[in-house]
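Just dropping this structure here.
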Amino acid sequence: MTAASDAVAWVLLIPICAAAVLAALPGYRLTAALNVVASLGTFLAALSLFIIARPQPGQYLLVDDLNIVFIVLNTFVGFTTSVFSASYIAHEIETGRLTPGYLRFYHAMYQVMMFGMNLAFVSNNIGLMWVAVEIATLTTVLMVGIYRTHAALEAAWKYFILGSVGIALALFGTILVYMAARPVVGEGQDAMVWTVLIGRAATFDPALLNVAFIFLLFGYGTKVGLAPLHAWLPDAHAEGPTPISAVLSGLLLNVALYAVLRFKILLAANPEAISPGPLMVTMGLTSLLFAAFMLYRRRDIKRLFAYSSIEHMGIIVFAFGMGGPLANFAGLLHMVMHSLTKSGIFYAVGHIAQVKGTQQIANIRGLTETHPALGWGLAVGVVAIAGLPPLGIFMSEFLIVSSTFARQPLLAVLLVFGLLLAFGALMLRLTNVAFGEPRGSTAPADASYMPMFAHFALVLTAGIYLPGPLVVWFQHVANVLG
Amino acid sequence: MIPGVDQQVWCVAALLGTTLLAIAANRSNKSTTVVYGATLVISLIAFARALSFLVAHAEATEMVLPIGLPWLGSHFRLDALAAFFLAVVNLGGAAASLYGLGYGSHESAPHRVLPFFPAFLAGMNLVVLADDAFTFLLCWEFMSLASWALVMAHHREADNARAGYVYLVMASFGTLALLLAFGLLSGAGVGYGFAAIRSAPHAPSEAALVLALMLLGAGSKAGLVPLHVWLPLAHPAAPSHVSALMSGVMTKVAIYGFIRVVFDLLGPPGWSAGIVVLVLGGATAVMGILYALMENDIKRLLAYSTIENVGVIFASLGLALAFQANGLGLAAALAFTAALFHVLNHSFFKSLLFFGAGAVLTSTGERDMEKLGGLIHRMPLTSFAFLVGCVAISALPPFNGFVSEWLVFQAVLRSPDLPQWGLKIMVPAVGALLALAAALAAACFVKAFGVTFLGRARSPVAAAAGEVDRCSLAAMYGLAALCFLAGILPGLVIDGLAPVAQAIIGHRMPVQANDPWLSIVPIAESRSSYNGLLVFVFITAAASLAVYFIHRFASRAIRRGPAWGCGFADPTPAAQYSGASFAQPIRRVFGTLIFQAREHVDMPSPGDPRPARLTVDMHDLVWERLYTPLTKAVWFFADRLNQLQFLTIRRYLSLVFATLVTLLLVLAIWS
Amino acid sequence: MPNLAFDIAHLLAGGLVLISFMMLYQDRLYALLNIFALHALVLALSVAWQAYVQNAPHLYVTAVIALVFKAIIIPVALHRIIKQLGIHRDIETAVGIGPTMLAGMGLVALSMVLMLRVTGAADPLAREDLAFALSVVLLGLLVMVTRRNAVSQVVGFMSLENGLVLAATGAKGMPLVVEISVAFSILIAFIVIGVFLFRIRERFDTVDIGALDEFRGERR
Amino acid sequence: MVVISDMLVQLGQMTLVLLLAPLLTGVVRKIKARLLRRKGPSVFQPYRDLLRLLRKEVVLAENASWLFRVTPYVTFAAIWVAAALVPTFATGLQFSWSADLIAIVALLGSARFFLALAGMDVGTSFGGIGSSREVMIAALAEPAMMLMVFCVALIAGSTQLSTVATFMASSQVGLRVSLGMAMIALIMVALAENARIPVDNPATHLELTMVHEAMILEYSGRHLAMIEFGAFLKLLLYISLIICVFFPWQITIVGAAPLSYVVSVGAYLFKLALAGFLLALFETATAKMRVFRVPEFLGAALMLGLLGTLLRFVSESF
């Protein structure tokens, strides 16, 4: 075994082993610390993939330019969220919303989920990827319902049912891809291996691929949260523990998106198949516009940002749908920035909701006065997510809009309309929450600000300066995406 | 040392550093002095460098920083146009900093102002320096963001929160319009660098679209009607020195953006574009000043007056476009110079007036003119400076406002040279609008000064007001002196603007320095000329002569007595003419149509002890016809779509199923 | 012989589609469960036939799972749930039977149109199989969408899943088929347990709108 | 030499307007009185009034500020400078290039601006009424005036009054519709600006109907004298302007023989007297209109000005 395949193994082994240990250990301080350590270990292992030579793609595992971006992002946000989670959960234990027993379950599930997501990224087998995505989904279902309140269970149930249908559709799509590949590649394992498929995709049957892509787009798109498949997303975000909301928005959506992208590449490699672009553009725009309108009537702060995630997923899918080096680059950048920003926002929102004892927007006011760090943190986050400079999302939106306008002016106008709508809604809420006459508790927040500010610092840096190697990398990936 | 772009960028870096310093020294009580002191020094240096660039007719310099858009870098460039606007920005910045040194000490929440003030200045500097689309937009929006934070400084007042919100949404709308414009300009592989955009050919249809988008984008920031609605909300909400910057300087940065893209990057977009800009400018000027006249909040009045001045500037830019499209270089240079001159002038007197309003605000705590009055006795120095500002902005000789207005009229009078009938007829018509706006402006500032500073105090706070601190006064008098100097020595300014016109239009106005007696002669002496200095000397001489003779040979006795009150002795100050009543004749003339103003008189019959009441019902039609329906539409759709949040799982599944089947159907039919 | 293999596979798959239609037609719960058991039985036969034809013994495992779990355990469990929870025996349909049947026809036609475009390079067995599987999947979804009753929705989901298994086994040499069928069985078990645990009598979403207001703070 | 003679002409012009202005008003008043079958005061009565006022002490309202005291001199000076720049009997005045027609309009605007402010200084309702009505009238009169300026300037190709007068005196003008319209516009503006009937009544003593007089109600003594003098000058200025632009016959082009100066002064005085007679005749024949009818009156002037400007293009194209 080479060092490289070791690193890949570590990325998968650390979470799964940690999950086993965490399921057995009592005491929340210890488990929280262990959770952080395990997440850090996974992150470091993933980071090492950057440095050392990559392993040859095998039957099951693969590390290439595309997924390494996702893995590193995934493990990083996983790590910061575990830090946030430690302080968040401590508060939940104090207030008695969670019992230590559930906590053990929570930490174990956290690591299983990380395992599932990492596996989805590194798998070279479309079947394995499907399994991994489903593991990640099902664990989050369990975590969403962890509070055992009526609303939480309802949300989890909705998530579960809609997710299951999504699972089924994605599987059907996967089978269809296998069927398309079999006459060319031959029976058995090989016809599901990604590296083999992509090499010979041009000779696959286009009709099968077309139908397959629609099913895959629907199956995985349910998890991306594209409208009208989004229904589970807002409730799951709003009712679960906030670290899970952060992970859902920041990571799980990316996992599903990654799967969609993989199949998009596959489809694009076949000249006779329909081009996936228009389909993705349509769904992206629909999601963007729909979510933008939905933002206006939100009264729950977490559900607000959940809809904002739908909106941004719409933008990202739109960008990838437009294709071309510039839009793909922008889409990738947007995805990374959205993950960092949105999870950062959820860190802030988690503490805010704890301090104020409510998630109702109407009951939270004047945060910059009572809790300057949280209030300004949230303000920076919302400003970032709304696409204002000098933060990273501005750059990606700039590239998406300007590159689209030159090619499809009408689409760009619609896009801009959606962006402006969403901007208006977000700023309306921010104005109420961060400013004005303070309302609600003014007790000092017992919060860990590090994860939040670390994320925002990264986003700020990226908005002004992207390191050269990273850019080259992204550009390369953008070219791969076609 | 050759003035170059690197020095300007260093100044910006220093400003950003000041921001960090202000964040770090959050609660220190010295921070006000330190921050404003630092911004004062930096702005002065930047101003001096920009000015020396203009005077030296230096070559444009460029630099690239490895930040911003990765494969492009951040391009910065200092050319004549940028140097002029940098001078405007930094002079305004320096004045505001000086004013802030005094005014800032009254600030209740300095930690909400200090960090953003230098950032705002830096943002405006950067917009002017930017030389690629990404950097430009980034800085543009950064400028908006910083000023938004300043608007939100006094966030507890609900009005301010709303103002900030409207402002930010409109700013974002503008930025997105600019984004589309740049998307169009940089399309088809041109790239985002300004140099590349400049050299690429642009089709006429594209040019028209870019112009429309620029009018939306830069126009919304500058305050073109009907995109102006945020301006009278946001500018007054900020602390006064920031209001001065926003009104006096930030709108100029927006105009810079318009000039940079339309004149420089796009090339002249045809004469019909000129008509559009011209008419929009004229309409904006009249509408803006009418709004101002109806206003009784002194800062809002000033903000509306900014809209008027922006209209004047756009009208003369439209003239420049029209002339340039027809190859009338000299006339275009005249109109363009007039626009720039007005940019400079407006930055002087609008800052001055906002400073004055700020002084009144600090001293009385009141912005409502109906509660002020008689301040000329309590604040003599402030009132004199404010008076200078009022005279200047009313375009009265010998101050600077008149000179730029005069130049605009001279440009209007070149309209017979234009070949197109539309222009021939529209140009004098817009000229009439501008004349109307100028006359109304005079009326408006008679009201502003008269109600605020003259008469008797209408409230105890006004009666107890006192003079403001020296720093504020120094800032006001500095600007007042500039208003005066630019008014009596306009030739110097015009010569200073020559390199800008040369660079952008390709022509320049004749050299004025050689004209006798420091006159200005835009075209030829037989055609028109003006000499502010002589007019000033004549008036002074004539007045002094009269004073001398009368005091020497006639009477100089004075007796104080009660004012004539039609037989009523000592009526209350409430019996004075108020701001609303002052505006009433003009409201009757214009208001019925433009504001749908209706007066309702409730006159009790004799013997009825009720007081008589007059209520005036006015409507802001732009809000009611444009923005309210838009907002309503958004909320209507939001409400409708919101039903989707409350479906049952089966219905959600049906949604998924229906979409899936639809797509499969499309696939079946299509392929 | 190959002809016979094809004919039998074709017959069984077509039978599945037919039984799906019967499910659409049913408006009695117990009858629906019985028909589902039949559905599972036919699936088991079909899978077993594929195992025989493809000479893939591991598929027998899938067949057994289908037979034991879906044709016996689940219907029995659901029978009990219906009794214990006292669920109405009539199925509340959201759309009338007639239109539903028509829609079902349309869906089958759609699947045929989509799948028969596939070039003959894929062997006809797989092609027909896929067309039938797609029909079953879509009909299963249709059942889920048109029925208001929780149990019948579960049944719809299971018939959808049967379609997946049909497709997977029809795909010659596809790996992981057994694992997938096991995973799905567990998933279904979860759903059934969920129905039982949450006492979902009539619909998946028992939560009334008032509760939404109360818990979500979102108002219509 | 030329410079000195030019200077002399300029100085002569300045003193001339100063001396003539009260006389013109006196003449108008006299003619009006005669038309009304009254005997009327002497034509020199305005001089006497001025002298009387100058010698009296000033009664200042308690609340009056420095602005109130400065304004009379400023307005007087501004109007005087403006009047001195309008060619009366000779073009090419030494300093005529220091301000063109637009600047003259603006100078008058300055005078009015300060006067309106002074009206608000004391803090009574009458001053306010006067000021607010005055600025309303000005807000309409000024654009009308500017349009007249545009019309004339577009025809003459210059805003310089000397050039305009020279051009108009030359034979290349002919009769033009647009010029006629501009002239009517200018006359209407002049009536409004000088507070004449039908816009305002200079002789009224009922506060509520006053415009100009209400504004200066608080003035007395030498201050009032200055303001009155300013008003005399303004009337002269407008009439001179009409003469200079539309009837510049016999105006002396600079550098002509001394005799021509005498002729042109004579011609100027004749034209002035004629204008004064017409003004008196018109004022006697019409009644003052309500204040809120004034916008319509001035709106008509504005329309005429605009029409004149537009027709100018039409007539040019023939």
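A, B, C and D label the chains in the order they appear, each numbered from 1.
Assume contacts are C-beta pairs under 8 Å (C-beta built on N, C-alpha and C of every residue); 3 or more make two chains touch, one makes a residue touch a chain.
Chains and their UniProt names: A = Hydrogenase 4 subunit F; B = Oxidoreductase; C = Hydrogenase-4 component E; D = Formate hydrogenlyase.
Just so it is clear, the model here is predicted, and its values are computed rather than measured.
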Shortest path length from subunit C (Hydrogenase-4 component E) to subunit D (Formate hydrogenlyase) (each step joins two touching chains): 2
Higher-contact pair (C-beta pairs counted), B-C versus B-D: B-D
Rounded Å distance between subunit B (Oxidoreductase) and subunit C (Hydrogenase-4 component E), as computed from the means of their C-alpha atoms: 69
Inter-chain centre distance, subunit B (Oxidoreductase) versus subunit D (Formate hydrogenlyase) - centres from mean C-alpha coordinates, in Å: 35
Interchain centroid distance [CA atoms averaged], subunit A (Hydrogenase 4 subunit F)/subunit C (Hydrogenase-4 component E), Å: 31
Approximate Å spacing (C-alpha centroids) for the pair subunit A (Hydrogenase 4 subunit F), subunit B (Oxidoreductase): 44
Set of subunit C (Hydrogenase-4 component E) residues in contact with two or more other chains: 114, 117, 141, 144, 204-205, 218
For subunit A (Hydrogenase 4 subunit F), residues contacting two or more additional chains: 157-158, 161, 165, 207, 211, 297
In subunit D (Formate hydrogenlyase), residues with contacts to at least two other chains: none
Full enumeration of touching chain pairs: A-B, A-C, B-C, B-D
Partner subunit C (Hydrogenase-4 component E), residues of subunit B (Oxidoreductase) touching it in the complex: 642-643, 645-646, 648-650, 653-654, 657, 660-661, 664-665, 667-668, 671
Subunit B (Oxidoreductase) to subunit D (Formate hydrogenlyase) touching residues, read off their complex: 373-374, 376-377, 380, 387, 391, 394-397, 402, 405-406, 409-410, 412-413, 415-416, 421, 424-425, 428-429, 431-432, 435-436, 438-440, 442-443, 445-447, 449-451, 454-456, 517, 519, 525-531, 534-535, 538-543, 546-547, 550, 554-555, 557-566, 571, 573, 575-578, 581-586, 588-589
Footprint of subunit A (Hydrogenase 4 subunit F) on subunit C (Hydrogenase-4 component E) - complex, ascending: 114-115, 117-119, 121-123, 126, 130, 133-134, 137, 141, 144, 157, 160-161, 163-164, 167-168, 171-176, 179-180, 183, 187, 190-191, 194, 198, 204-205, 207, 211, 215-219
Residues of subunit A (Hydrogenase 4 subunit F) touching subunit B (Oxidoreductase) in the complex: 157-158, 161-162, 165, 169, 206-207, 210-211, 214, 218, 222, 228-229, 231, 234, 274, 279, 290, 293-297, 366, 368, 383, 386, 388-390, 394-395, 397-399, 401-407, 409, 412-413, 416, 419-421, 423-424, 427-428, 431-432, 435-437, 463-466, 468, 471, 475
Residues on subunit D (Formate hydrogenlyase) engaged by subunit B (Oxidoreductase) in the complex (per definition of touch): 54-63, 65-67, 73-74, 76-78, 80-81, 84, 95, 97-100, 102-103, 106-107, 109-110, 112-113, 116-117, 119-129, 131-133, 135-136, 138-143, 145-147, 150, 153-154, 157-160, 163, 207, 217-218, 221-222, 225-226, 291-292, 295, 302, 305-306, 309-310, 313, 316
